[in-house]
Amino acid sequence: MAKYGKAAFVLLIIGVAVLLGLPQLELISQATLNIFTLGIIWSIATMSLNLVLGYTGQASLAHGAFLGIGAYTFGIMAQRVGMNFWLSLLIACLMTAILGFLVGLPSLRSKGPYFAIVTLCFNVIIFKVFENWTWLSGGYQGQKVPRPSFLTERWARYYFALVMLILVILVVRQIVKSLLGSSFIAIRSNENLAESVGIKSFSTKLLSLTVSCFIVGLAGSLLALQNGYLDYTITNYLYSFYLLIYLLIGGVASLAGPVVGTFGLYFLLWQLEKTMGEFSEFRWLMFGLLLIVVIIYFPMGIVGGAKRFWEWIKKKYYSRRGEVYG
Amino acid sequence: MTLLKVEGLTKRFGGLVAVNKVDFEISQGSIVGIIGPNGAGKTTLFNLISGALPPTGGKIIFDGTDITGWRPYNIARQGVTRTFQTTALFEELPSWVNLVIGYRMRTKTGLWDSILRTPRFRRERKATTQKVAEVMGFTGLGEYAQMTAGDLPQEAQKRLAIGVALMGEPKLLLLDEPTGGVGLGETEDIIALINKIRDKGITVCVIEHKMRMIMNLVDQIVALNFGVKIAGGPPDMVCEDPSVIEAYLGECIA
Amino acid sequence: MSFFFNQVVIGIQLGSQYVLVALGLTLIFGILDISHFAHGHMYMIGAYLLYVVMVLAGINYWLALIIVMAGLAIAGVFVERLVYKPLRGQPHINGFIAAIGLILVLETFVRGIEPEALRISKPIEKTFHFAGITMEAQRLIVIVGAIVMIILLHLFIKRTRMGTAIEAMAQDREGAALVGISVNKMAALTFAIATALAAAAAGLMAPMAFIAPTMGSILILKAFVIVVIGGLGSMKGAIVGGYLLGIMEALAIAYISSAYKDVFAFGILILILAVRPTGLFGGREA
């Protein structure tokens, strides 16, 4: 398992390096650059869900709301309170982490689908609050999000988001490949057994959720920054579903999965929209069919399927050489 | 010296009394066997001691501390680890990762340690790696180190489960039918392993069905039937006990 | 006071929908352990099918209801066979993803054909007044119709062999399999019944509301809330929970605020699960 981890990680770094060089290509239009930037930002959000779902096994359907809370905290701090950029960013992440902690306290005693439903309920409630409490959210009109001087250019924002993504990937990697990470996957694999070997499952799950929320708060802030504008729809529970889909199709419990899934699907949708013209509404129908087909035949996601395929090839190769692989 | 003392331990499920005012003691350094027909309450007894189930009545005192009603992870940290009748492992993870997890409670590496790779992180990772190698050698699992736990042969899985429980540096090890579903030769291997464990100074309590096997292994036996302790003492004495013979229809062989 | 009673009646009507949808969901979730998130969209398809049958084929309301229920029962079996059966044995969350995929397919399909909201005329245009309560005929139809469905379901469960098998599976899935109850047949039957009930709910409600592609979205969330609170697989729980939620919502809209009415159900769920992580009548941990 450690071997594949390294290979996939190297591929991931290569992919990221490609992304790094992208804006240098004059072929990239502003609109495309925007899409890439958004793809990166959403990848950060998917990565955060990967920590709590992919590695710790807790299916949070509230991450849409957390995304919005990160975005709004940043927006309000930067625009209405007039705080400087970095401080606003930090406060946004902390605020989202704190809210994640508070949501986790009553919810994490529930397991599996129950936990998913509770978090979904939280998301709906938060969404409704933002929808109706116009003093906070600005309602339909929303509010403006100011950009610091060094991020006024599109390519600057692109690189900034990319750097953030790389940092997040590194941090998540450090966490999951540590003894703390082993607690997470123990809980995902067999929570009862984990408890009987001395792992405090509730507080560990809570930690995972809190860290995950810190990261998604970052994603939300970046999203607000990228759009330059915020309204209450950013807390929509539909985003929880998007993140879930990106993650599961990409491949849970892998570092490359979230990025692959997010970019892959985000781009697919964008391409379909462009090429389908007047039928572009139907891209959702194709997307839905794709989801069903992929999840039936690739339950481990794209990256998981690729790993299995690789393993299958290795087996064939070794057995042909007469060696026993195992 | 008494390591574990169970006083009047009772577990009620609605109208059913699964464990009924059971008393016994386990001396440090000994091997105690728990026997009884199916449904006698043996596994429930283990579940009570390990904290998997809260007792309805009675007390459990481990190494001088009253652990009655404690959560399983706290009891494990106190020094009681166990295996399960239906072999419980982290099935999709490699064997060595299973062992790493078993040692996790003895380490303190937290969020900042992981992110910043502090000296504590490095120290504990090294200690864990060493311990994993040690326990793998001890349980004879070396060849299976990289294999996914769920793919291991049945008997190796049993040894791995014991290994995981050993990683936590227990003072008391509870083994629930460690030779269940395992063939004759391999049963002897597991018995030998249990003796090795005792030689290391770990106290062992075994639930077993295979009477002949444990007669030579254990120092004391506790016999249960219908949740009640019907006999307790050295093996040959318990074997002659009429109520035990009746419960087992003469299976005992001294 | 009559205002209050009016609200209660509205609540019972509201609850009638919830009950029928929740009943189907509790059977599916409780027996087959599937988070059939697309159930609300099957409800929506039922409403559209009713429109097609009534308006385009010109069939009267009552016959159309029956046709739609039968049609959707078959559709439910198809959904089970094509989407959920291949996922048996996979982690629970994968079924959820498939459900989302199904939702996208159904909603986009419908929206692509007819994005505008549709209306169906009511079969009886009377309004009743008694004991200070004002009630449209359709409201009465919804309430009575739901009760009829519940009774039919009850008779089916208690008086037929297949119904007994379903009850057995709801109580103990593994035990039922051990005594030879075929999982495939039960899965198909459960989906058929559940989807037919959803169709009934949609058909009864359709004359009173707009038929739109997003009809089922919030409804399914509330159905899940009811099922979790009432207990997975518990039909009693679905019935009690559904009516209770309907009444409380109606009262909340009237006396508190209309904007936050949806929040009500979800807040209650969070409170209940915080105290009892396995649901009120729980016991069955997921």
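First chain written, first letter: the chains are A, B and C, and each begins at residue 1.
Here, a residue touches a chain if its C-beta (ideal position, glycine included) is under 8 Å from a C-beta of that chain, and two chains touch if they have at least 3 such contacts.
Just so it is clear, the structure is predicted and the values come from calculations on it, not from any experiment.
Asker: Among all other chains, pick the one whose mean CA position is farthest from the mean CA position of chain C.
Answerer: Chain B.
Asker: Closest chain to the protein CA centroid?
Answerer: Most central by this criterion: A.
Asker: Please give the pair of chains with the highest number of C-beta contact pairs.
Answerer: Highest contact count among chain pairs: A-C.
Asker: Using mean CA coordinates as chain centres, what's the gap between chain B and chain C in Å?
Answerer: Roughly 48 Å, centre to centre.
Asker: Could you please state the distance in Å, as a whole number, between where the Cα atoms of chain A are centred and where those of chain C are centred?
Answerer: Taking the average C-alpha coordinate of chain A and of chain C, the gap between them is 32 Å.
Asker: From the mean C-alpha coordinate of chain A to that of chain B, what's the distance rounded to whole Å?
Answerer: 41
Asker: Flag every residue of chain A that touches chain B in the complex, lowest number first.
Answerer: Result: residues 1, 171, 174-175, 178-183, 185-186, 189-190, 192-201, 207, 211, 326 of chain A touch chain B.
Asker: Give every residue of chain B touching chain A within the complex, in rising order.
Answerer: 50, 52, 71-73, 76-77, 81-82, 84, 88-94, 97, 100-102, 104-107, 109-111, 113-115, 117, 121, 124-125, 128, 146-147, 164-165, 167-168
Asker: Can you list the chain C residues touching chain A in their complex?
Answerer: 29, 35, 83, 86-87, 90-94, 96-98, 100-105, 107-109, 111-112, 221, 224-225, 228, 259-260, 262-263, 266-267, 269-271, 273-274, 277-279, 285-286
Asker: In the complex, go through chain A and note every residue touching chain C.
Answerer: Touching chain C: residues 53, 59, 106-107, 109-114, 116-118, 120-122, 124-125, 128-129, 131-132, 241, 244-245, 248-249, 281-282, 284-285, 287-292, 295-296, 299 of chain A.
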